[in-house]
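Note that chain A is present in both complexes that follow, paired respectively with chain B and with chain C.
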Partner chain A sequence: MLEIQGVSKQYGSAVVVRQVRLQVGQGEFFCILGPSGCGKTTLLRLIAGFERPTEGRILLDGVDITHTPPYRRDVNTVFQNYALFPHCTVFGNVAYGLQVRRRPAGEIRERVDQALETVGLAGLADRMPAQLSGGQQQRVALARALINRPRILLLDEPLSALDKKIGEQMRYELADLQAKTGITFIYVTHNQVEAMSMAGRVAVMNRGSVEQCAPPAELYRSPATRFTADFVGSMNFFDGRIAEAGPDSFGILLADQTLVHRRGEAGARPGDPVVFGLRPEQLKVSLLEPRDFENGLFGRIERQVFVGDATLLRIRLSNGSPVEVRVPNYLVLENRVMALEPDEEVWVVWSQGSGVVLHD
Partner chain B sequence: MAGQLSRRNDLGLGQGAFLRYSTGLCLFFLVAPLVVLVVYSFNGSSQVTVWEGFSLKWFAATISDRELWIAIRNSMIVAGLSALISTALGTLTALSLGRYVFRGRRILAGLLYVPVVLPEIILGIALLVLFVLLDIQRGFLTVVCGHVTFSFPFVGLMILARVQTLDRTQEEASLDLGASPWRTFRRVILPPLTPALLSAMLFAFTISLDDFVVTFFTTGPGVTTLPLKVYSLVKFGLTPAINVISTLMIAFTLVVLLAVNWMQEDGTRQRLGMRLGGGLAAALVLLLVMSVLGERRQSRLVVATWPNYFDQGVLDEFEARTGIHVILSYFNDNEEMLAKTSFGKPGIDLVTPAGFMIEIMGKQGLLSPLDPDRLPNLRYLDERFRRLPFDPTGRYYVPYTYGFTGLFYDSTKVTEPVDSWRLLWDERYRGRLLMFDDMLENFDLAHRLLGFRLVDRDTAHLDAAFALLQQQRPLLRKHESNLVNEMLLGGEVVAAQNWNGNAMRLNRKHPQFKFLIPKEGTLLFVDTLCLLQTAPNPAAAYAFVNYLLEPANAQRNMQGILYAMPNPEARRRMPPELRDDTTLFPPITDMSQLSVMADLGPFLQEVRKRWIRLKTE
Partner chain C sequence: MTDPSRRQGRFLGELPLLAGPPVLWLTVFFLVPVAMVMAFSFVESYRHGVSDFQFTLEHYRQALDPVYPRVLWRSIVYSAVSTAFTLLLAFPAACYIAFSPPRRQKWLLFLVFLPLWVNLLVRLYSFIVILSAGGLLNRVLQALSLTREPVQLLNTPFAVLLGFVYGNLPYMIPPIYTALERMNPALLEASMDLGAGRGTTFRRIVLPQSAAGVAAGVTLCFIPTLGSFLIPDILGGPESLMIGNLITSQFQQGRNWPFGSALSSLLVLLVMLGICLYLRGFDPTAPREGAKE
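After this line comes the complex of A and B, so read on.
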């Protein structure tokens, strides 16, 4: 439905958005994820029409809207700071889109009531925005943007200003709302948890380019680039090269000459440089040497960080590089492992089925 | 509690005695002048500073003064229009400075401060020169333009401060929701700006309402605003009417302030007040514009002249007869008249300069030759006055009045016999003597006292005369031409130079003021009627001159202003006591006397140099 064809945006010599190609389908909950400054908000503003691309085209339902002004695009936006009109009541804010379209007063009243009902603000129509809490303002902004039943709703980090709890609750409500209305959502965030928990597909952006576009699980399981792997969840990286390649397994020679094994196809020839990535939760610590189907590296526990449901261990390997291991705390709680001491020397082990090979 | 409070305010100044007195002093400075004004507006006396008992007569006189109401109306229109225009312009400026990035933006922002810091008089002169170059006739348009020029930067700066606090995403939200840029401006940008807009508009209105300097330079005759009117009242006839006007203005301001205060109490009142005020303002504007338009359709004749130089009844009858509205615009002296008329399009039809000015004005091409065929009543004039030496062809002028300068004094205070101008050099009356605020009158008198004649153009004589005047300077109350009667009547001065007509007017009611021609002799003058080259309405000017020459009108006019006119038939019709009065009709034996004040040519510069020194030292 929405097609972004090779869109770039330049300010002077600074390229903010670089050759972005994306397709968003009808009714999708699409997320654009990236660190601040990656160009995601600019991309959103290009879709909304507040900016014109330096090159490329934007198509909505097959119609080129690249140069259509924002007020003629069937796209509405929920702004990061909500941008409510402070001199209008809640009703006035939500009704605005209908009023400028000169709908009859009866219809406006009805649809505004309905929209406020939908976002759970029934009865607050006569308040002024300044009299509302952050969460309530957020809902007003949502209702205001949805009142015109746009083809696409753009959300620019809408939850970033909310308390954590309220933000989490809003995530579910947003997902429900999207499912209920069937409107295509394009959601911009730097918070990967938000992206993963709501989106059907996520586009990861870095320095103006889209690094990868995939459903959250795929993104997590097989990140295409080192950036994605690092930004979505966390990852321990090891530089190395393919040492030997068999039909159903291959070996990687890490920089410190340790050979680790990985089941599956190499997808590369021996000698090719690769980056091998392991998620902290894929690793275990053990006092015993790795078994046949496991890889292992030896190191010393440097620091333990308790994060509630897990403990993060920072281990300095014998080759000098650090590794992070995530140990679920239920094991500790159930007394199934003994407590680890700082400075204790341990094996970091993982199954030969784990790990991502990135051909960088 | 009180002790605590005072301790908190205590700057080591004791228990507040000092603060109490300084507060009192502040109050005194603020209120004292106003109290005096208000009290004296109920004065029965015709003198501003002499209390004669409670009376409302000046209120009645002021409120029925048509010219005053016209001035108020003009001020309201000018202030209203310029407030509206400068608010619109200021808002645009603020938006473009606040929102739009362009080359030279900082320069424009800096330029905005220019009218704010520039001395107003410079702005006034600059505007005058601009209008002259653009060849625009001075009037409403130029005054409003001038006021917009100095008030819109204030508005712009006030609104800019607000614009910079606006949240830009709100505009984007509005566009996003389908509102066009114009609708976004009206519904999202304008509402938060409204309070700033209103206060800026009110501010522009206020500074326009009390502006004098720029108005003075940009106005034309017939567009007298209230400050100009008050100024001319002070200049050409100080009466308690000024106090009344001030009292009324104070009352008006108070009512507005109270109303605004009342409105701010709560929202409903505010809306009510806004609606009421808006409706009232709209109705007022409509009325004003209609009255101006109505007047515009009427034919106008603008005459630049001296105060009290036309009889009001004669003017009224002319207007009734022809439908032409005569507007009088007053000048202090011939020099000022020359300055005002020689600049661009002053919008003046007729002037009444002294004869010697005709040579100067004629040389500068300011005068239009008169067509005798359009003035059949010229036949009533004394032929001797038709071709005086300053214009031997008689093409440029019609003689209007003639008269002379004499010595005028209060016989209750100057009791010894008087026969010489030396009275004006008498140490005993130090500080209570008055000379005309007129260069030639001063130097002619000084020459006369020394036995010289100004027309000889002798620099040595001039220096001697100058020394004499310098010697007199500390004895004088001031130089003043137009308030001689008022100052004598008020007892501020005891002796002065005065023109015969002026003196007669006071003398008829107050015989203690004596008028005479001192033994050293005096200066005769002829004032003329001249048509300016730039006259907007020459046809009306011809009609008016012809009308004035009609013996019946001339007679009535003479009796009103008490100056002689060279119209034998008119003189014949006057009552014997006036007809044979030698003060009104000085016996003229030698016509050359009348041209005594000839154009002095380059010598005039020498005189002027000394005159300026005399006045400024």
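After this line comes the complex of A and C, so read on.
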């Protein structure tokens, strides 16, 4: 439905968005995820029409809208700080889109009531925006955009200004709202938990480019690049070498200590360097050597960080590189997890099937 | 941790202290003189520092002679017309400044204030040079063959209005600029996003958002113009005499302080009445944040 074809945006010599190609389907909850300054908001503004691309085209339902002004695009935006009109009541804000399109007054009243009902603000129509809480303002912004029944709703970090609890609650409400209305959502955020919990597909952006575009689980399980692996969740990176490469399996030697076997094609020749990634929750610490179907590296506990539901152990491997292991607080004795001492020498162990091979 | 409400409470407790000096200042230099002027207006006569304290309403009866209300009415019309033209010129200028890049904003504002560095009297004499029969404007008009004879520009109502508009611009632009500059630019994008074109966005977002600034600017221009005497004195003629000129002449050439005081008192009352009506109909603080906590 929405097609972004090789879109770039340049300010002077700074390239903010670089050769982005994306397709978003009808009724999709699509998320653009990336750190601040990665160009995700600029990409959103290009779709909304507030910016014109330096190159490339944007198509909506097959129609080129690259140079269509924002007020003629069937696309509405929920702004980061809501941008509610401070001199208008809640009613005035929500009715704005219908009023400027000169809909009859009766229809406006009916649809505004309905929209406020949908976002749970019935009865607050006469308030001024300044009299509302952050969460309520957020809902007004949503109602104001949704009342126009746009083809696409763009949301620019809509939950970033809210308290954590309210933000979490709004996540579910947004997902429900999207499912109920069937409107295509394009949601920009730097918060990977928001992206993972709501989106059907996530595009990870870094330095103006899309690094990977996939459903959340796939993104987490098999990140395509080191950046994605590190930005979505956290990841330990090990430098390894291809030790053996057969037609349907290959082996990677990590830290000159342990050989990891993988099925499939290596995509590289023996001796080539690769990066092996393991997530902190895929690792465990053990006083025993790795057994069958396990790999392990030897190291010394450097630091323990208590985070409530788990303890993060920072372990310095014998080759000098650090590893982070997430240990669930299943057994805490006298304030020590698993009775582990600081400075104790342990094995970092993982199941042979875990981990991803990254080529860059 | 300090409780913010308690801190605010302590701050509010110190407020009278902060308000003290300005209250004292206004009492000594505003309230007392106004009271004196009002007192003078009821005194029979006051010459050479000697007065007989005879209470009379004679000066007010004299002030209501048709001549004086007519001059007062003319003053109101001149003030209104000149303020309207000032607003018409100031609004686009303020928009331009507010939507310029920050560095240019600073320079443009500096240019707006620049004329205030030169005394108004000096600047008005330069207007004489421009508007006189052999002046710059007439020469340009003749060079362009628009007129054959020099046009009478100086000492006309036109010159007075021109002077007012010119003199008031530095007071009209800054408040409008401030209001527009404080406006969240995302509001304009939100409006366009919701389907409003540029014209509708201007009418429904920019105008209401600038209302407080316009109100401040109009007040700052209209009221001083109402009582001004310098500009009509220098640029005007007999038919553009304003109430300010009448009052000045009572205190200077006329030496009729009580009558001048009566005229002044009427003007002060009129302005106060006007402000009260204006605030009732339009509270400049209301449309901005809008909220009553």
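Definition applied: the second predicted complex is superposed on the first by the 334 of 360 C-alpha atoms of A that agree within 3 Å, B and C clash if a C-alpha of one lies under 4 Å from a C-alpha of the other, contacts with A are read in each partner's own complex, and residues count from 1 in each chain.
One rule holds for everything that comes next: a residue touches a chain if its C-beta (ideal position, glycine included) is under 8 Å from a C-beta of that chain, and two chains touch if they have at least 3 such contacts.
A quick note: this is a predicted structure, and the numbers were derived from the prediction, not measured.
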If chain A is used to align the two complexes, do chain B and chain C fit next to each other or clash? clash
Using the touch definition from the top, say if A:148 reaches chain B (first), chain C (second), both or neither. both
Which partner does A:245 reach: the first (chain B), the second (chain C), both, or neither? neither
With the two structures laid over each other on chain A, which partner does A:340 touch: chain B (first), chain C (second), both, or neither? neither
Quick check for you: in the superposed arrangement, does A:48 touch first (chain B), second (chain C), both or neither? both
Look at A:128 in the shared chain and tell me whether it touches chain B only, chain C only, both, or neither; answer first, second, both or neither. second
Using the touch definition from the top, say if A:100 reaches chain B (first), chain C (second), both or neither. both
Is A:161 touching the first partner chain B, the second partner chain C, both, or neither of them? neither
After superposing on chain A, which of these stretches of chain B ends up overlapping chain C: 27-35, 351-359 or 405-413? 27-35
What is the shared patch of chain A, the residues that chain B and chain C both contact? 48-50, 69-71, 75-77, 79, 81, 83-87, 96-97, 100-101, 144-145, 148
Where on chain A is chain B touching in the complex? 48-50, 69-72, 75-77, 79-81, 83-87, 96-97, 100-101, 144-145, 148
Chain A touches which residues of chain C in the complex? 184, 186-187, 189-197, 200, 204-205, 208-209, 211, 287-293
For the chain A and chain C complex, residues of the former touching the latter: 48-50, 69-71, 75-77, 79, 81, 83-87, 96-97, 100-101, 128-131, 144-145, 148
Taking the touch rule as given, give the residues of chain B at its contact with chain A in the complex, in rising order. 167, 169-170, 172-181, 183, 187-188, 191-192
